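Next come two complexes, and both contain chain A; in the first it sits with chain B, in the second with chain C.
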Partner chain A sequence: MPVKIYKFTLFHLADELWALPLLPTSQFIACEAITLIPGAPENVLGLVYHGGKIITLLDTAKILDLRVKRIRSKNCLLFDYQGDYYGLEVDDGDNTIRVKQVFTDRSKKKFNKYIKVNKRKVYILDLENLWEQVKIYG
Partner chain B sequence: MKIAETKIYLKFISWFVLVSILPLLILFIVVYSSDPNSTQLLNNPETMRSIMLGIFISLAFVFFLSLIATRFLSRVVTRPIQLALNELLKVVDDLSKSVQNLSDISQNDSDISQDLLLNSQDQQKGLKTGQKAVAQIVKSLNQIAIKTKSSAQSTANIDKLASESGDKSQAALDSLVAVKHLVTENQKLSQALDAYADKVADITKRVEVLADTAKFLSLNVSIEANKTAFGEQFSSLVSQIRELNITSQQAASSIQALVADMSRQIKQAKQSSVYEWQETNKSIQIVGQTINFLNKIVGNVGSIAKSTQVISQETEDTHQDADKINSMILGFNKSAKSLVDNADDITKIIHKQLVVINSLNKSSAVLNKVTDNLNNLVGDKSDYAS
Partner chain C sequence: MVSAKYKDLYISTSKDQLNKLTNLFLSLERSPDNQNLIENIFRLIHSMKGAAATMAYKKTVNLFHAMESIIDAAFQQRLMIDKNILELFIDTIEVFDNNLKSIKKNNREINLTKQINLLVGGLKQRKQGKKIKTKNVYRQEKHLLGSIPTVAEISVPVENLNRLYDMSDDLLVNVMETKSIVKSLGKAKLLSLSVNADRIVNDLRRELEKIRIVPLAQIFSSLPYLVREIAKDEGKNVDLVIEDNDLSLDKAILDELIEILIQLLKNAVAHGITREQKNGRIEVVVSLDNDQMKIVVKDNGQGIDWQEIMDMAVKNKIISRVAAKKLTVSEIKNLIFKAGISRGKSVSISSGRGVGLSLVKAKVESLDGDMLVESKSGKGATFSIKLPLPLSVFRGLTFKIADYTLAIPLSFIDRIIKLPEVRDFNKTKIFVHDKARYKMTALPKEMNLPKIAALSKYIAIIKYKGEKLALPIFSNINERELIAKNTPQVLKNLDYLKGVAVSDEGLPVLILDINNLVK
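On to the complex of A and B.
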């Protein structure tokens, strides 16, 4: 019986390591010249143009309820969802890894799934929880 | 002529009367002693009257004869005495006048001598005071001369120092101009370095961008490698790109730190250069002003040195004049001393004159007394004159 492999792209945010499931369009980009959008949800920082694509930049720290020391980061983790491009503002990028097991932290209500990297818990920013926080898709 | 007023007449008359009465008394005494009864004759009034008449007549004759004799004898005796007395009176008058004149002269001489002595003493005191004053003037002039010479020497030294200071200030000014030139060159170099630093900063930004690109490349290669089924085969490539990313980031950080440090140092050097340039400009202005002041000081010191020389010359001349005055005062002092000696001699002579006058006065008094006695004997001058 074949073993299921999970792939995650790691990133640093607020001195913590987080993991985003690997998506077909995942890549790290430099997001500068953010265009603010009036009436946008509070977790949306604005729009960024990159390589012919309009990217909605999300405030990852606010979504994950983290406190960051810096004002704004230029590192952004790009991914697509239902034909739209989104970017997660991160402090810094990290490797893309493969793991064989995903764990669940029952003590947390959201973002409670995690993987282990070097015996260290790395929580997963899963998209379902993400959209629940951002509330773009109702 | 009043005979009664002439004492000698009275004496002679008295003598003759006494001489006349004495024989009569002797006669009466002899008669009475030889015959006491003869006194009875006196009881006779006629006899007594005759005797008394006889006595009276005889006394009258005696008186008359004595008067004539006295007159004759007195003329014989007093004539030469009168002549001598007249001469003596003239001599006494002349002597008295001479003594009076001599006394007056002596008094005048004494007053003059006293005045002369007082004046000489005052003059001597004044000369001593003048000599002391001249000595003090000479002493002061000597001190002034010494100090003037010292001042002249100091002024010459100041002049020399001022001249040297002027040269040194000029040298300092030249050095400052050179420093200013160097500072200007330094400023140009700083500006060039600043421009170079800007270029390096621009390159650093590009390197930073390159490092970021490499970082994103390494991260995205890792992502892309895991998207395929053969991702493990790209692991070594990903690792190399990852190392490249790390190296690029380290190089970028080092270059960034280096550029920041260099920019900071260039900025400091620029600020220091501007500050040095400003300070050098100020120093040049100050040194220029100092040179102008020193030139003025040199000019003033030169005029002061000339004035000091004039003062020294005048002091020397005054010193010589004071020496002359001192010599004159010494001469005056000698003259005053000789004058005092002469006044002393005159005083001694006057004293001698006074002694002689006193003796003459005494002699005159004695002579007057003799004359009075003679007058008493022969009568007043007016009597003989008649």
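On to the complex of A and C.
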């Protein structure tokens, strides 16, 4: 019986390792000059231009509700969704990983899915939860 | 009537053509019986005559016509180009150059009668002279352009450009990957080199984007001439008014767009405007509408008889009589885009509306666009096309307010007024300047701008649907070329922003929605 393989891009944020489901366009890029948007949702940092694309930069720490003091990073994880490009602000990029199992942490209300990397729990930033936090669609 | 703004374009194009013509004459001096050169000169002069006709410069048209007659005689081997004729042509070029200067400075042509008479006289004298020996006259050169000393421009197929663009993407990806590896190696010199390479590739991409973009005015300048020619053939009197809002468009799309426009203009002249009309008028208006370019072709002709279209569809078995009775208004209007709808009509003129329109519609749809028609019998017809904007460039006024960089398309700006001192316009309703009164407008409250932003030293006078409004603007005011990009979802939710563009510095700039501002 075939085994389902899950692919993720790993990234570092606030001294933790996180995972984003691998998308065809996923890549780490530098997001330096941010254009702020007046009246944008609070977890949208602004827009950046990269490689001919306009990228909506998201405040990952705010989305994940990480209340730690950290210096704003210039790295972001680029992905596309419904024809638009988004960047998740991350401290640093990491590898792409394949796993056979995704677990659920029932003690958490959101972003409660995780994978195991070197026996460590790595929580998944899934798009469904992401768009619930970032009020852009619907 | 041709818009005055085409004058500059006409002058710059004519100067380029003049240089080419001079070079061609110099080449002809070396090989006076080169038929290919003569043919190219004829084409160039003909094109210059057409451009002058478009601008309604009658004296210039006559001048080129006289030159064209001599070249035509040479091409027909009724006249041999000799030193005297070449000198006459070189003199004529000088006269034309002076004429251009006068048009530029005084907006009028100089007296060209003397030069025209010299050209006509030259032709007559040589016709009365010896018969030209035609032996060895047809020495065809395989590479005509090779005989022309200078090449001012080259044509590149769009596919090649696209391939180049794709390759620049790959290059960028590779440079990024290299940068990532170099970063992990921690070698400062290598890192600096890869950062430089990254910058160069990004610059290359921007340059490639620019190559693909052409001002609409450059392509549209031939349309008044085209309409005049068709109208002349049809025995009609038609005026073409073009409003392109200083827009530019990706060359690939523009090539398709011009085909669409030509077909619609042919239709409007052939089927819209009647011979009885003395005020035949077609308007072409191109504007930006959200993420799309809107093209409207409107005529004041006889309009479309929808009952006749339905009858024709039934007659040509496009639809049954029973089904025709159940059609909605929009379905009836869509019938006009079906191939063969006009086969029943006697079509002796420039275009068969049905076939042409079905092709136009197919072309618009192939560009992911949409096309609509509005018409009432006796009240003209309006065809509206919406095309998405992959790479459109426009000039905009950019400024900063607090931490935000905003832009307004320059086509909406009448002028910028610099105030003697910073003012708070928070409670001002009417702005008075040089005895003119302007209604004040402000950036919407939904933008949650800080209150300090109410202090302004500049006022932008915005023209919108016949009104002139005063908008206080703030710091870092610049006029720059902007590349419109697809509007991301986050901006679609904000009514006061029309979209986003990229500045020449590679920064996103938010475009204000003038409609919202005016409200």
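Keep this in mind: the second predicted complex is superposed on the first by the 136 of 138 C-alpha atoms of A that agree within 3 Å, B and C clash if a C-alpha of one lies under 4 Å from a C-alpha of the other, contacts with A are read in each partner's own complex, and residues count from 1 in each chain.
Here, a contact is a pair of C-beta atoms (placed from the backbone, for glycine too) under 8 Å apart; a residue touches a chain by one contact, two chains touch by 3 or more.
Just so we're clear, the structure is a prediction, and the values are computed from it rather than from any experiment.
In the model built by aligning both structures on chain A, chain B clashes with chain C. Touch criterion met: A:82 reaches chain C, while chain B stays clear of it. By the document's definition of touching, of the two partners only chain B reaches A:95; chain C does not.
Looking at the superposition, the partner that touches the larger set of chain A residues, chain B or chain C, turns out to be C.
Contact with chain C, but none with chain B, is seen for A:136 once the two complexes are overlaid on the shared chain. Once the two complexes are laid over each other on the shared chain, residue contacts for A:29 go to chain B and to chain C alike. Of the two partner chains placed around the shared chain by superposition, chain C is the only one that A:51 touches, whereas chain B remains out of contact. Once chain A of one complex is fitted onto chain A of the other, the partner contacts of A:37 are limited to chain C, with no touch recorded for chain B. Applying the stated contact rule after C-alpha superposition, one finds that A:108 touches neither chain B nor chain C.
Only one of the stretches 114-122, 186-194 or 204-212 belonging to chain C overlaps chain B in the superposed arrangement, and that stretch is 186-194.
In the superposition on chain A, the residues of chain A contacted by chain B and by chain C overlap at 27-29, 93. Put simply, chain C touches chain A in their complex at residues 169, 172, 176, 180, 202, 205, 209, 403-405, 446-449, 485-486, 488-491, 493-494, 496-497, 500, 502, 506-510.
Those residues of chain A lying in contact with chain B across their complex are 7, 9, 22, 24, 26-30, 93-98. Put simply, chain B touches chain A in their complex at residues 212, 215-216, 219-220, 222-227, 231, 242.
Considering their complex, residues 27-29, 33, 35-41, 44, 46-49, 51-52, 54, 56, 82-85, 93, 136-137 of chain A touch chain C.
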